[in-house]
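Letters are used for the chains, namely A, B, C and D, taken in the order the chains are written, and counting of residues starts over at 1 for each.
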Amino acid sequence: MTDRTSHLELDQHEKTFLDSNELIINMGPQHPATHGVLRVILKLDGEKVLGTECVIGYLHRGVEKIAEHRTYTMFNPYVDRMDYVAAVSNGLGYCEAVEKLLNVEAPPRARYIRVILTELNRIASHMLWLGTHALDIGAITPLFYTFRDREEILKIFEKYCGARLTTHAFRIGGCVYETYEGFEREVKKFLDFVTPKIDEYEELLTTNRIWVERTKHVGKISARECIALGVTGPVLRASGVKWDLRKAQPYAAYADFDFEIPVGQNGDTYDRYLVRMQEMRQSLRIIEQGIGKIPDGPIMAKIPKVMKPPVGEIYHSIEAPKGELGFFIVSDGSTQPYRVRVRPPSFVNLQALDMMVRGALVADVIAVIGTLDIVLGEVDR
Amino acid sequence: MISRLRAQHGSGIREAVTYLGQKYIVADSSLMPELLQVLRDQEEFDYCVDITAVHYPDREKQFEVIWILYSFPHNERIRVKASYADGEAVPSAVPIWPAANWLEREVYDMFGTRFEGHPDLKRILLPDGWKGHPLRKDYGIIQQDQEWVQINLGIESGQ
Amino acid sequence: MLDYITSYLKSDTTPGSAGNLFWAFVYIVLIFLGLSVAVIAMNWLERKILAHMQVRLGPMRVGPHGLLQPIADALKLLIKEDIMPAEADPFVFWIAPLVVVITAFTVFIVVPFGPTHAVTDMNIGVLFMLGVSSLSVLGVVMAGWASNSHYPLMGALRSSAQMVSYEIAMGLAVVSAVLMTSLNKEGTGTLSMIGIVQAQQAQHVWFVFKFFPLGLIAFFIFAVAMVAETNRAPFDLPEAESELTAGFHTEYSGFRWSLFFLAEYSAMIAVSSIAVTLWLGGWMRPFPNALGGETWDLVFSLIPGLIFLFLGAITFYSTSRMPKHPYFRVQTLGLGGFGAVLALIGLLLLIPPVRDRVQDIFWFCAKVAFSMYMYIWYRGTFPRYRFDQLMKVGWKVLLPMGIGVLILTAIAGVLF
Amino acid sequence: MAPVATTFFFYFLSALTVLSGVLVITRKNPVHSALALIMSLLGQAALYLMLYAPFVAGVQIILYAGGIMVLFLFVIMLVNIEKSLKEDQFNKQWLVGMAAAVALGALFVFVYIKGKGLFPDRTIQMPEQSNTQQVAVLLYGNYMFAFEIASLLLLVAVIGAVVMAKKRI
């Protein structure tokens, strides 16, 4: 009996002496690497992560509530404020959803313009992701390179619709602006400009030993886990699922384009990086094709001045740079939507954070937050 | 597929319609966890895209909860709808799709529908102590929890 | 008194060895001033070079091409409010930056800028430098602990673990270089900094090329370890801003923070000068073997002056291209004055007596400057290591390599 | 090289060493104690320098002040300071402590009274070679065997540490 108790005491003594205590660290909402106002509560054992809890909602603006009190047209600019680094994609998703509800289709020229601008926006979004992700991991130079090159895309947007970030480029029924004089020439010039730049980023990082060590086998997630957690976009593709809404359920004019879906194998941070780099190249391909065969014709379908969609509901989703961006709209036949639900890719993808960082180190949490490519405006809406 | 489901669940499937090329099923609320389980296991809807709700204050069962599902093998989307009264518990889909976790929390946050069997049902976007569920139709657009704002932010009102 | 002062000029030892306190004091003041200027210049250069690597301009507003930016920053730091956290340990919080700065400056006592240009020549010179620079980790730990906050504490833990680990690999590399000094007829090696350079002079080789590639590997180990010792990218985990905001000096502000800044840069210069002394031939001019002889000696001794004249010419050229607008008058005058100063220094360096005394210092500083440039280059290119990877590199790569190089050097020394 | 103000420096450094030694045991905060210990060790290093043993001084700084004390601080920082502040500083073994102190004091007094007679009377030989080489010759020549035994002992300690740490995984 005495032996037993002394053993117990010894065990306890050892535990307090050798094991450091669990430490709870609060990362964010003001932290340089949480990309906005994400707050992550980390439970640590030394530097090892035992568990996380995300606290979100610091940027909640009630977008869905606002939608119920605005007409369909009035709500259009609001969607740009969700994923503000990929505003064009948001606009595309919303406009197409309402068009479907109205049962009209945008004319071919408008659809082509939409594809070109959306793909430019995808490149811009991936560039911003690359810069900030690399900065989190400690490489400061890519940030400046990507911001310099993203500027060229923003210039094209500015010339097209007057805004750089929250573009509001599309309207329900098509596009409101005709392409400007020299649009095609400038986009082509941009393609020639940016292709070597993407090679330049890859030169800096892809074979960089430290980059590889920091990203390989970090934040691994398998295809099964991705699907179970509803993770979409490049994260899903990096796990080996060849699924892209542009191919699976083509919208806009994507059915006319020839491009590949890059996939990874391991589902780690490095593969996600490679997938996104490849996606940028594929987007360049799409833009090149689109510029080559952009048809003539009207850019706006015939839609009523006062939009009153018939009673009914619609779910329409597009492949945003972050994943599946869905709009679920319920109409009660009035000028205002009865309910608008946004299915934000960042929100659902962020859910996987806890699974991906368990057992990793604090530095990996930063890498994984970066690789999930979340935008808090979209997470919180 | 619908006929298979009808055969299994009989009159529980009230409606199975295609509107604008999109399928949806209106099901009886009593069928709920089993129907979702069947959809995942037998019909291979392995991806839970979204869970949301719509508030119809005039109906007897005010809340229509909508599950949007997608099947990777069949490249097919389906919406499942069921109505619940205020205060009635909705069975949680977390055991079926882990993705439902945050989505259900958001529905709870915005509508106040409880999800039974959810591992950690609490507010997600609004602060924990907030009163009211903003996406209900009786919640005004500039309404806010004045008490919470005063206590936590120390200001009279944001509006 | 005057005799006491002038008597030293005829001797050919360091003031410390000659026991001449006056000149030792003069050297200390000169080194202190030179180091402060070097840190300020490094501040500007790093921002400028990094900016140009990243397709930006860097500081451009204060003075021509932002030349006065570091001075403006220093003034800003001096007049900034000095904040001490309420829960901090006041005494330790106060003394920590002092410890870091004092250790960073003390090591320069033994740095040989030339055969006689050092405050003193200790016969344990290298040991002294390693020992004193290892004390700076105490200041870091004290700063992190005294702040009484999570991030600084974690930063301090990381940096102390990192510095202690890399010191070992560093020491092994140093020992292999010291071993090379003993390869003369008498078999007497030395730890004295001046002695090490003289040994390279006597053996007609920079130690980095000795027993190729052994010297190169040892130099490589030291070059990696010295970056880790000074907490610079890619080993800047203690102050990784994306993880720990600013590491051990998160809670420091104003003047105290600037002391850490000063210490970091002078520590970088200090370890670079150890590397230069041990492997890159210290104050020796390049190509002592291939391009030997009186003529080449003369040519190389003219280079410092010519470089300064060249820099002055560039500055004058830029001055002539400044916009001719009244707004830019002050800037144009400043740039012109800077060019004039550079040209004057260049002319001064061409006078034979000055030339002979100063060219050693020039070559030494040029080599250190190259090493500092590498620091900036690393920072622009590399991502940051993770903590476990950092430890792995230290213990599983550098340490075995160091032991191997040491053993092989010893064998090679016996055989050849 | 003429020694400068030797007596003054000797007393100054000794006072520094002893005072910081006293601070080590009187400070309540363990971190302050550790810092005082570092001060004391540095004073000792300076005293070695005065004894013309620069190598030993350098090693003292590198190993004790730079290496071991950092690990000391490392461990102390992880300990809950507030708890240790409340604990009793001196434990109840004052009898043993007194005995030890008296014995040590008696030794000092004995040496002081007997004075020079205890040590062989000869002038200090200034070494021709540098100090480092002398240490090396002694360690790797005369006392080779003892040196190797010591290194073996350290190896055992290293293995012991590894075994203890390994248990956690």
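Assume a residue touches a chain if its C-beta (ideal position, glycine included) is under 8 Å from a C-beta of that chain, and two chains touch if they have at least 3 such contacts.
The structure displayed is predicted, hence computed values, not measured ones.
> Which chains lie in contact with each of chain A and chain B?
For chain A paired with chain B, there are no chains in contact with each.
> Centre-to-centre on C-alpha atoms, which chain is most distant from chain A?
D
> Would you mind pulling out the distance in Å between where the CA atoms of chain B average out and where those of chain C do?
64
> If you average the CA atoms of chain A and of chain C, how far apart do the two points sit, in angstrom?
The answer is 45 Å.
> When the centre of a chain is set as the mean of its C-alpha atoms, what distance in Å lies between chain A and chain D?
61
> Using CA atom averages as chain centres, what separation in Å is found between chain C and chain D?
A distance of 32 Å separates the two centres.
> Would you tell me which residues of chain B are touching chain A in their complex?
So the residues of chain B in touch with chain A come to 19-20, 22, 46-50, 52, 54-55, 66, 68, 72, 75, 77, 79, 97-99, 101-103, 106, 110, 123-127, 134-135, 139, 141.
> List the residues on chain A that touch chain B in their complex, please.
Answer in residue numbers: 56-57, 60, 62, 64-66, 68-69, 100-101, 103, 227-231, 241, 243, 248-249, 312-315, 317, 324, 326, 328, 330, 338-339, 341, 343, 347-348, 350-351, 380-381.
> Considering the complex alone, what residue numbers of chain C touch chain A?
For chain C paired with chain A, touching residues are 50, 53-56, 150, 233-234, 236-237, 240-243, 245, 379-389.
> Which residues, counting only chain A, touch chain C once they are in their complex?
That would be residues 23, 25, 31-33, 47, 134-141, 143-145, 148, 204-205, 208, 210-211, 213-214, 361-364, 366 of chain A.
> Could you list, by residue number, the parts of chain D that touch chain C in their complex?
1-2, 29, 31-32, 35, 38, 54-55, 57-59, 61-62, 65-67, 69-71, 73-74, 77, 129-133
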